[in-house]
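Okay, got some structures for you below.
In the two complexes that follow, subunit A is the common piece, with subunit B as its partner first and subunit C second.
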Partner chain A sequence: MRAQAKLGFILLLMPLLLWLTALIVIPHVDMFLISLRERVGVGEYATSTANYRTFLNEPLYLMTFARTAIMAVAATFITLLIAFPVSYYIAKMVKGRTQSALFLMCLVPFWVSELVRTFGWMILLRETGVFSSLLQWSGLVSGPVEMLYNDAAIMVGLVYTSMLFMVVPLVTTLESLDDSVIEAGYDLGGSGPSILREIIIPHATPGIVSGSIVVFMLSLGNYLTPTMLGGKDSLWFTELIYSQFIVRFNWELGAAFGFMLLILSSVIVWAMLRLTGQTLEKTMG
Partner chain B sequence: MTPDLECVALTKRFDDATAVDNVDFAVPQGSFFSVLGPSGCGKTTIMRMIAGFLPPTSGDIRIKGRSMLNVPPNKRPVNMVFQHLALFPMMNIEDNIGYGLRRAGLPRADIARKVDGVLDRIGLPGVGKRKVHELSGGQKQRIAIARCMVLEPDVLLLDEPLGALDLKLREHMKIELKALQAAFDTTFVYITHDQSEALVMSDQIAVMNNGRFEQLGAARDLYYRPETAFVAGFVGDTNRWPAIVVRAEGDALQLRTDSGLTLHGASHGRALSAGDRADIYVRPEAIRVAHTGEELIHFDNRLSGQVTSILFNGAASRILFRDDEGRGEIEVTLPQSGEFAMLEKGARMHIGWSGAHGNCFAAGTGA
Partner chain C sequence: MIPTIPQPRAIRAAYGAYVALFFIYLALPLTVVAVFAFNDSQFPSLPWEGFTWNWFFGDSDPMIGVFHDRAILGAIGTSVFVGVCVSALSVAVGTSNAFLFNRYQFRGRGVLYVLMLMPLVIPGIVLGISILVFSSTLANAAWDGLKWDIVALRPGLTLVVLGQFSFIATIATLVISARLQKFDRTLEEAAMNLGAGRLTAVRTVTLPFLAPALVGAFVVAFLMSFENFNTTLMLVGSDAPLTIAMFDRLKEGSTPLLNAVSLLLMLGSSLLALMMIAFQRRAT
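For the complex of A and B:
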């Protein structure tokens, strides 16, 4: 009986294990090995840290790396600021049908592909687009305005793409907060801001952290949005990886970049968990 | 002297339903006041209006003579112990109790002193650093009360706080709550659907039904002199017979029940005359049991029959009794002397009670 149960457990675990090994572990090990070799001749390779040195010595790479990190953190923060009141409204202020309807409305944009959604932003923001035409029509500006191809456009796109992934964990944690706990806060003399600070946010911390981790990872690794909405001055680190692998055919450097991105996201997530006193088990469980 | 809490013509309507209908009451300083009623009777609505979470449709709420109508909940001198206590799980005990004091802007040292003081008073010194989930149900209960009492409110509201506890602890907490109320000398307003909680603890009880107060009085008055059929049926256990009045002489009535019994009852000042339909309410403990009919000769209601069932419950044991013609079952409390301890099912018995114990109300007014 015990042996059977064990076999069943292993069989059930198999897809996960296969997935993890085939798609996560093997590529990363391979990528790490590739990143450590240097081409010394035609078809000749030597083990070296040359690729990492190139990364560290080239200001464009470092700057893009830092910019991507800062922008992704900022996008996460802005997403949180917008998603929190939205989630609070969905979880606490409305009930029943309205609640599910609002929740569904957050989900609806995800029925179309990210490409189409991003293209939607281009229609709105481009020189001949809706916003530009509206501004000209209302007489606020005299000529066409280009709102695409800058950091603000990327930010808008990233926040928009990530919103749902912040709203879902926030609504879940906020719903688990008993209304009477909030009422007790008022009853004992608390005001709105103090209840938010001392009761609601501490309770929602696991949701905030898990939402932020997901949004941060999605933003950091996003390729489509920065490519379509960003301009020449708005390079995203994933674009560098792409160009090394596909355009330059320099897999060695591309692999090193990929590894740097992995380290970056791990360090920032770890720092975020430490800062908020959460653990991965607590936020993801 | 102004009462601590006074409600004047308090009314609350939701859309077309009236939850609280023109309720008046005053609670004197330092007393234990209970609102007792079945679920959905509007008692929680009253409490939420006093706490400030619901605005009344009309009427006034005064605390120490001051109207509370436009005072938000966080500015009222009232605190509430919630049904599920609503302790803050993200804080330790100390911070829970100190929350209101911090909001009031007291210096840290004062807060620490007051928190320690109140923990001593509730008999839980030294638990300040513990987490909420580390305490037992009864301890949490006391913490929830301490969290309110540390703010020295004029009135403490308690919304069925014993509902979530097991029976043994609930019995224990009843006594403890009463003791805490005496120790803090604060006005308690207690909401419950459990009559024994209300009867044991309260100085005054209001029995509520369908948004109205049916009767307001001390526990003993409600129990022995119910003014309405609802109170007679809701407070305590009772035998009830639908009947028709055959003869009325002053307070004393003679009635014929629908099952065919002829019984004596009392109207206690209520208007009932011959030919009226009425319900007779008799408490199980008002009925005497005896082995022979002679022992009961002084009672005007006498029946003989047999025991159909024994409901053993220690000191509160009862029997179900059926008379010889089989006209319905009557619940009778056994005397605690142990005289009938060995009673068997099917035994022949005589029962009797005085007509004064048969409270009669006009039919159709009961629960």
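For the complex of A and C:
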């Protein structure tokens, strides 16, 4: 019996180890090694930090890196600000069938591909688009207005695309807050803002953290939205990675970029967990 | 603010209006995509030129509908194939992982659990390039050392499946684990007392209990695979799945054909999701 349990354990462990080592750990180590390689001749390589120096010395790369990070953080904040009141409404203000219907309505747009959602915004925002036509028709403007291809359009797309991943964890944590706790807050003389600050937000912290982590990751690693909605000047870091790999065929530099993106995302996720006293197991698992 | 505590009507109304506005914002892009699929024009934009089914069934230039566009139909087929492979792999590995973490206490369990969650916090494009880099290292080594050309390790469907699997497996594991935790293990022991072997007990008692989660994980994995873009973009070869094919079309300039494909996608995924919900309702 003992031997049988051991055999079972090993059989269950194998797929996990195979998956994590062959598809996650070794590829990332290999990517790191490639990023430390410099081409010195035809088919000849030397170990050096040249790719990272290129990254640090080229203002365009650094600017894009910083811009992507700042915009991803901003998108996370905006998503949180928009989603919080809505999640609270779904979790606390309505009950029963209305509640499940509203919740389901939040999920529906995300069963379709991100490409379709981005395409929808293109139809709305472009020069010949719906908004521009409506504005002209109402007489507010005289000619077509181009609302696409700028940073605001990217922001709209990013916030829209990641909304679900904020709403779901928020609704789940807010629902677990007992109504009587909020009532007690009012009984003890609390006002709306003080109850929000002292009771609701502390209770919702795990939801806020896990939602923010996912939204941040999705925005940072997004390729489609910045490419389709952004203009020539609104470069995104993932576009640099793509162009090094697929267009320029400079895998060494591309791998260094990929590694920088990975470090950036890990640092920010770690900082977010640290600041709020959460762990990855608790927020994700 | 809570319903049991009275609030001024103006605040209540403003709150309700905000939520209504939010849902309009959610619905707007999808609605325009759906509506312009029926516009009798070369461009998915105003003015409205009249209603047509041609973007679905049209068979002559310049209006070739979805059902006559070989490339798009082929891409849908590729996506379905990839989706089924990824879902089957993810559910299999996810089930095994769920049992491992639920049933065994061992050294390194915590570390492995965190490592298992990692793919969720690695940007999809980085997962894609790391697998691309590693597979080509392997392929080059096989060629240099043994003169073997391993096609499966070059960008193509095998790599797309592996790339998507690498993070969808985490999600399948989480979905299946959540249900396995609710399982009462004494039921399995009862089955074994009645003479069943361990495997028979798991097969006849535990797995039927897990069925809703297995189906749920399969559907979620399929939808995620179907709409994945970032990881797929880096690993794709000559057979493009639907999202990549649509992206290439969109870059060339869009016709309402893309709206028609999008509408079909919306209908398909909603149908799949509703079926999953119905199945889970019945099971619980």
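The rule is short, and it goes like this: the second predicted complex is superposed on the first by the 266 of 285 C-alpha atoms of A that agree within 3 Å, B and C clash if a C-alpha of one lies under 4 Å from a C-alpha of the other, contacts with A are read in each partner's own complex, and residues count from 1 in each chain.
Rule of thumb we're sticking to: a contact is a pair of C-beta atoms (placed from the backbone, for glycine too) under 8 Å apart; a residue touches a chain by one contact, two chains touch by 3 or more.
For clarity, every value in this text was computed on a predicted model and none was experimentally measured.
Undergrad: Quick one: on subunit A, after the overlay, do subunit B and subunit C clash, or do they fit? Just give me the call.
TA: Taken together on subunit A, subunit C would fit alongside subunit B, as the superposition shows.
Undergrad: Would you please give the vertex angle at the Cα centre of subunit A, with arms pointing to the Cα centres of subunit B and subunit C, as a multiple of 10°?
TA: 90
Undergrad: Mind working out whether A:86 is in touch with subunit B, subunit C, both or neither, as first, second, both or neither?
TA: In the superposition, A:86 touches subunit C alone.
Undergrad: With the two structures laid over each other on chain A, which partner does A:149 touch: subunit B (first), subunit C (second), both, or neither?
TA: Touch partners of A:149: none, neither subunit B nor subunit C.
Undergrad: Taking the superposition on A as described, I'd like to know which of subunit B and subunit C A:61 touches: first, second, both or neither.
TA: Neither partner.
Undergrad: May I ask you to decide whether A:186 touches subunit B, subunit C, both, or neither, giving the answer as first, second, both or neither?
TA: A:186: touches subunit B and subunit C.
Undergrad: Under the stated touch criterion, which partner chain does A:236 make contact with: subunit B (first), subunit C (second), both, or neither?
TA: neither
Undergrad: Please work out whether A:261 is in contact with subunit B alone, subunit C alone, both, or neither, and reply first, second, both or neither.
TA: second
Undergrad: Does subunit C touch more residues of subunit A than subunit B does, or is it the other way round?
TA: With both complexes superposed on chain A, more residues of subunit A are touched by C.
Undergrad: I'd like to know which partner A:281 touches here: subunit B for first, subunit C for second, both or neither.
TA: A:281: touches subunit C, not subunit B.
Undergrad: Looking at subunit B versus subunit C in the superposed three-chain picture, what is their shortest Cα distance in Å?
TA: 5
Undergrad: From the superposed pair, tell me which subunit A residues show up as contacts to subunit B and also as contacts to subunit C.
TA: Subunit A residues touching both partners: 183, 186.
Undergrad: With touch defined as at the start, can you tell me which subunit A residues reach subunit B in the complex?
TA: Per the touch definition, subunit A meets subunit B at residues 178, 180-181, 183-191, 194, 198-199, 202-203.
Undergrad: In the complex, go through subunit A and note every residue touching subunit C.
TA: Touch list, subunit A to subunit C: 4, 8-9, 11-13, 15-16, 19-20, 23-28, 30-31, 34, 82, 85-86, 88-89, 92-93, 102, 105-109, 111-117, 119-124, 126, 128-130, 133, 160, 163, 179, 182-183, 186, 192, 213-214, 217, 220-224, 228, 238, 241-242, 245-246, 251, 254-255, 258, 261-262, 265-266, 269, 280-281, 284-285.
Undergrad: In the complex, go through subunit B and note every residue touching subunit A.
TA: 51-53, 72-75, 78-80, 82-84, 86-91, 99-100, 103-104, 147-148, 151
Undergrad: For subunit C, which residues count as touching subunit A in their complex?
TA: 1-5, 15, 18-19, 22-23, 25-33, 36, 43-47, 92-93, 96-97, 99-100, 103-104, 106, 110, 112-127, 129-134, 137, 162-163, 165-166, 169, 174, 177, 198, 223, 226-227, 229-230, 233-234, 242-243, 246-247, 250, 254, 258-259, 262, 265-266, 269-270, 272-273
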